[in-house]
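Note sheet for the following structure.
We call the chains A, B, C and D, going by the order they appear; numbering starts again at 1 in every chain.
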Amino acid sequence: MLKALVIDPGKCTGCKQCEMACSLENEGVFNPSKSRIRVFDFHEDARFVPYTCTQCDEAWCQQACPVNAITTDAMGVKVVHDNLCVGCKVCTIACPFGTVNYNASTGKVIKCDLCGGEPACADACPTDAITYRDVEQSGYDKMKVWATRTSAGTESHGPNTPA
Amino acid sequence: MGWTGKILRIDLSKGTVKTEPLNMDWADKYLGQRGLASKYLVEEIDPKTDPLGPDNKVIFATGPLTGTCASTGGRYSVITKGPLTGAIACSNSGGYFGAEMKFAGWDMVIVEGAAAKPVYLTIFDDDVQIRDAGDIWGKSVWETDKWIKAAHQDPMIHVATIGVSGENAVLYSCVVNDLHRAAGRSGVGAVLGSKNLKAVAIRGTGGVSVKDPKEFLKATKAGKKVLKDNAVTGQGLPTYGTQVLMNVINEAGAMPTRNGRDVQFESAGDISAEAMAEPRRSDGHPNLLTNQACFGCTIACGRISKIDETHYTVQNKPEYWHASGGLEYEAAWALGSATGVKDLEALTYANFICNEQGLDPISFGATVGAAMELYEDGVITSETTGGIELKFGSAEALTRCVELTGKAEGFGKELGMGSARLTAKYGRPELSMTVKSQEFPAYDPRGIQGMGLTYATSNRGACHLRSYTVASEILGIPEKTDPLATEGKAGLVKAFQDATAAVDSSGLCVFTTFAWTLEDIAPQVDAACKGDWSVEKMLEVGERIWNMERIFNNKAGFTAKDDRLPERLMKDAAKTGPAKGLVATVDKMLPEYYDLRGWTSEGVPTNETLERLAV
Amino acid sequence: MHHVILGAGPAGVTAAETLRKHAPDAQITLVSGEPEPPYSRMAIPYLLEGKIGEAGTHLRQTDGHYDAKRIAYKQGPVSKVDTSAKALTLNDGSTLAYDKLLIATGATPVRPPVSGLDLPGVHTCWTLDDARHIAELAKPGVPVVLVGAGFIGCIILEALAKMGVKLTVVEMGDRMVPRMLDEVAGNMLRRWCEEKGVKVVTGAVVESISPAGGAQPKPAPEAAAPTPEPKRPGFFARLFGAKSETAPAPAQATGFAEEAPGFAGAPENGLTVTLKDGQKLPAALVVVAAGVKSNIGFLDGSGIDTGRGVKVDAFHETSIKDVYAAGDVAEGINLSTGHNDMLAIQPVAVEHGYIAALNMCGVATRHRGSLNMNVLDTLGLISSSFGTWEGVEGGSRATMVDEKANRYIRLEFDGDRLIGAQCVGLTDHIGMLRGMIQTHLPLGKWKDKLMESPARIPEAYVAVVQSAPQVGPTGPKVALPA
Amino acid sequence: MQVKLKLFASLARYLPDGSERNVARLDIAEGTTIWSLLDAHNVPRGSCHLVLVNGIYQGPEARYNALKEGDELAVWPPVAGG
C-alpha cells in the first residue's frame, strides 16, 4: 500500500499554509516562491487549487535527467539528489506538469519529495484539502483521483459553506 | 527574526527611493505594524498638518509575524493622518499584499511628499520604481489590478490601490489590495490620492525567518489548534462569516437602523448569513459561493459571493457576474440596516462597487442613511440628489448612490464628504452618526453600552476594531457581561484597547482573539522576534501605543470634548428590544476610563503615565 | 534471444534497462563507442565548470548497475553490420551475433572546412576526452575563441565563462541560438553575454586558425560536410558563405602566453583565429561547436535505409527487420509535424530508447512523436523553447517582451491549442508548456487570456486541466499500445 | 400559549417543519422551560451558547425558567463576527 498526497481543491481556502510549511521544511525560511507546492487562486471562479508533483509513474523528470540525479525511491517518490544535480534544467522542461522548478539561489532543481514520508504541507493544511494517505493505486490512478477531485471542485462549495 | 530590518522611504516630491534600517529600539517598544509605524508617523509629521497636503505621510507597515506560518500572519496596515477625522489613522487589511511586502524584504514603506503627476510604485524585491500612472489614473481598483499584472506580465504581483474615489478625495476612500481586502477606514485612500499615488505593486521572492524556528513552529501549531478547537474560530466564522452577527445583534436590540432611528431592523433576516447561504428564489443558487482565507489564516472567514445575473443591478453587465468579495457583517449592516434596504443582491452589488471603487462601506452606508433622513425630513430634495428618490429602504437609491460616489459624480460628490460634513452643510449635524467625524459601525451603544465608550474614545474616530467589547457583552467571549450595564465597562474597554493595539502591531488578525488571548499570542511573537515577549510586555506595548496615538490626537487639536457620541444616542431612547427606553450613557464611564488610563479629567495623559510607559 | 545495443548514451542505456525489465531471460549486450563507462554528454559542461567530477557524468551512479541487470558491456566501436547474417564486426576485427539490434550510436561534431582545425589547441567539446583537453587549456584569463553559438555552443559558453577565460564567441548566424530562439530572445542573450564580459561576434565566419605569429594558414579545403539542418540553407553554407557583419575589435595576438604559461598542446604562442572580414582573434584555445552529424558511416552496405540519420517507422524499426534505431542517430517522429525528423536532445533519446526496446521484446508500441524542446542557462539568463516556436500560418501569437528585465515569452497557437513557445527569464512551471503542447490541450477561453497576458501560462494550465481531466493530469503520452 | 423559537447558524437544522427561515411559531404548554423546549427539538444543550429570550441573555441558571406567552427564544452556537 502506497501513500500519496490527495488534493481536494474544493476544501482549499487559499491560506497558503502549505506553501509556508513547504518552504520552511525545505529552505529553512518562510518563502512561498521557493515552495514545492503552489496554491493557484482562481478568484473569479471562487476556487483555490493546491498543485504539486503527483509522483507520476512515467517519471518524466527522472528520464530526462542526464546525470541520474533524480531517482525513484521504494515508495515511488521521485527524489532529486542535490549532490548529483548539475542544474541543467532539462527536467524542468521535461516534466509536463511543470512541477520541477529551478532554484537559482542553489543552482539546483527542486520538486516535491513528500518530505521523506511526512509531507509538511499536508500536516499544515487546516482544512484537509491536502491529505497524505494510503492509496492502493498506481501513479496513473493517483492522478485520476487528483483529476476527478479537482473537477468536482468546480461544483462543490467551500469546506465551510453552510449546507 | 520576524522583522526584515529594512524600510523603504519614497519621496514622491523628489522622486527618490531610499532604504534605511529599521529602528530596532523602536521595534522593541512598539513591535511593528500599527504601533511601530505610528511611532514613525508621530515622530515625522506635524500633528496639525493637512491630511491631504504633501506634508502628511502614509506608511504601509507589516508586523513581525506577517509572512510567517502563524495563523492569520498576513496583515498589514496603512498609517497616516486621516482626512475623514483629522486624527491618527491606522487601517488594517488582510489578503496577500502584506506577506508579499515581507517576502520582498520590507517591514515598511514610508511614502512622503506628493508627485506632480499620477504615479504608482513597483516593489519587486530590491527593485523599487516610481512609475507613471497616466494609464491607470481614473481606473477602478479591479481594472488597476489587472492592468498592473498585465503591464508587468506577472500574475503573482499583489496590488494595493485606490479607486476613483481615492483620486477624488472621497473622505472615506480605502486602499484596496487583492481586489477585495481593504485598509478601509478613515479615508487612507484619499491620502494616496492627494499624493497622486495610485497604487503599490509588490512581488517578493525572498524569505522571512524567525528567531527560533523550532519554537516558532511549536507555538504557532499550538495556536492553530486552539483556533481549530474553538467553536467560533473553528466552525462559526469559517461557515457563516462575520455576518452571523446580523441576527444576533438584531435580536439583542443593538442594530442601528435607518440612521439610528431604530435599534432593530425588521428585515435583518433577509440580509443575514443564513440568507446568504439559502438558494435564491430567482436562480436557485445561494449568494454565497465559498469562504476564503487571507494569507496564512486558518480561520477563513472571508465571504465569496456571486450576484444573481438577472438582478437589476447587474443585468446586461457581465463584468459583475463573477465571484468576488461578498458581504461581511459591517458592510451588510451599513448598506442594509443603516439605510433600511433589505435586498441582499443589491447589497452585494453595492459591496462589489465599494471594493471596485475603493469605498469604506461602513462610512458610505451610514452616510447614505444620514442622507436618506435628510431627504425624508425634506431638508434635501430630489433636486439636490439629482433625481434620486432617497427614501429609507430604497435599494435603487442605494445602488445609484454607490455608483455615483465611487466615481465622485453628481450627488455622489456630496455623499463622499461623509455624514458629518454632509449633515452640517444642510444644517442638521445631529443627524450624523459619527464620533470625530467617522461613522460608527454596526453596534448601537444604546443596546451595548461598552461600545459607546469604545466609539467615544477610539483614537481613529468611531470604530469597533479598537476595543470589541461586543465579544464580552453580547457573545460571551471570554466572559459574558451585561450589555446594558455601564459598571466595569471602562476597565473592559481599556483592556480590549491595549490588547488590540498589541495584536494589531504583530501582523496577526484581531479575529484570532475570539479564541486566543495574549497567552496564546505572546509565545508566537517571542519565538519569532528578538527580545523577550511576554504577555506583560505585549500589554505594555499596547498601552504605550494607545497613549502615543492619544497624544498625537491631542496635539492635532482633539480634546475631551471630542470623546462624545452623537446626540441621538444620548437623547433618543431605544424604541424596542431589551434596551427599550435606554440611551447611551458614556458620560458616566468616561471619568472612570480617564482615571484608569492615568489621564487627567481633560483626557490628557499625565507625565507620570508617559514616564511609566516611556512614550 | 540476444539483444545487442550499439551506443551507450541515454538511448542505449534506457533501451538496455527497458529490455531487462520486459525480457528477464534475454541476453543483452551494450556496445560502447568510447573507452568510458556509459556517460552523458550533456553533463560535460558541468564537469568543466567543476560542478561534478567525471563520475558525475556517468549515466548510472550505482556500482555494479549493469552487472546487476545482467547487461554485458563491450568496447566498440562497430565497423560493419551484416544484416543478412545478423552479425557485427567490431573495430578490433571480432564479430558479434545478434537476434535484435538497436542502433543508438548518436552523433559526432562536424568539423567545418576551416584550415588549422587540426592544430593542437583546437577542440570540439563532445567527449570526456575532449573535456579533459579543454580543462587543461582553459585557465582563468586566457583568451578562448568559441566557434558556434548554437545550443551546444551556448552550453559550452556557460562552462568556459565560468572557468574564467577571456571568451569570444563567433557565430555565423545573425543572433545567438538561431535554431532555438527568435531575434528578440537571441539578441537578449547576446546583450546579456556582453554585459557579463563575453565578446559576441555574430554574422561572422571563421576563415582560418593558425599558430600565432606563425605561418600563414593554408586555404580552406573544399569540403562539403553533411548538413544537419536540411530545412534551412546548408549549415555550412551559412557558416562559411554568409556575408559577415564586421564587429571590429583590436586583435591582440600576443600576451596570453604570459598569462597562461605552459599550457599543453597548443602552439607555443597560441593561436590566431582569422575571420572572413580580416578580424584576427587571439586564442590559447579554440573550441568548435559547429553542429553534429549522425554516426551512420558504419552502416554503409548494410542495406539499412538512411537519410540524415537512420530512418525508422513508428515502432522504431529500420528498413531491415529486427534492426531498430534510437536517439540522436534516428529520424524519429516529431510530434509537432508528424514527420520523421532529427531531435537530438536527451529526453527524446530516452523516449526512443524506451519505445524501441519495448518493440524489440515484443511489446508492440507505437511512437506518438517527440516534442522538440530545449532549455539553456547562459550565464544565469535562462531561456527555453518548445515545439513549433516559429508558429504556423493561420495561427496566432502572444508575446510579452521586457527588454530591461530580460524577460520574454512568445506563445504560438493553432486555433485554441498551444503548439510552440519560447521563454527568456522564466523558469517556474515551464514544463507546463510541454504538457500543453504535447496533449493538444484545447484552451478555450484561457487562450484569450493568454493572448492578453502570456505570463498566465501556469494558471491556464491548471485551470484547463481541471476542467478536462481526461487529457490533463494523466499527462502526455509519447507511446501508445499498438 | 404562543412562543417563537429561533434557531440560528448551525442550529437551524433543528427547526421543525413549517418554520420560516430561522423562526418557528409554536404552541407550547404552560410551564415549558427554555431547556425543555430545546430538548424537545433535540437541540444539543452543549451547542446552546447564546440563549436570548426577547433579546435578553439567559445564563445557565435562567435556562431552567419557564417561558411566557409571546416570548421569543433565540439560540446560537458559539459565534462571533466583527
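Quick note on the criterion: a contact is a pair of C-beta atoms (placed from the backbone, for glycine too) under 8 Å apart; a residue touches a chain by one contact, two chains touch by 3 or more.
Everything quoted here is computed from the prediction, not taken from an experiment.
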| task | Could you tell me which chains are in contact with subunit A and with subunit C alike? | result | B
| Central chain (distance from its CA mean to the mean of all protein CA atoms) | A
| remark: Greatest Cα-centre separation from subunit B belongs to chain C
| task | Going by the contact definition up top, give me the pair of chains with the most C-beta pairs touching. | result | A-C
| query | So, what's the distance in Å between the C-alpha centres of subunit D and subunit B? | reply | 34
| query | In whole angstrom, what separates the CA-based centres of subunit A and subunit B? | reply | 36
| field | Intercentroid distance (Cα basis), subunit D paired with subunit A, Å | value | 47
| subunit C and subunit D: spacing of chain centres that average the CA atoms, whole Å | 77
| So which bits of subunit D are touching at least two other chains? | 9-10
| query | Using the touch rule from the top of the page, what residues of subunit B touch 2 or more other chains? | reply | 235, 239-240, 273-274
| query | Residues of subunit C that touch two or more other chains: which are they? | reply | 458-459
| Tell me, which parts of subunit C touch subunit B in their complex? | 400, 402, 407, 409, 452-456, 458-459
| query | Within the complex, which stretch of subunit B touches subunit D? | reply | 230-233, 235-237, 239-245, 247-248, 251-253, 269, 273-275, 278, 301, 328-330, 464-465, 468, 470-471, 474-477, 480, 482-483, 510-511, 514, 577-578
| How about subunit D: which of its residues touch subunit B in the complex? | 6, 8-10, 12, 21-23, 49-50, 52, 54-57, 59, 72, 74, 76-82
| said: List the residues on subunit A that touch subunit B in their complex, please. | reply: 13-17, 20-21, 23-24, 27-34, 43-48, 124, 126-127, 157-162
| request: Please name which positions on subunit B make contact with subunit A in the complex. | output: 67-69, 71, 96, 99, 103, 156, 179, 204-210, 213, 217, 224, 228, 235, 238-240, 273-274, 277, 286, 288-298, 300, 304, 306, 322-324
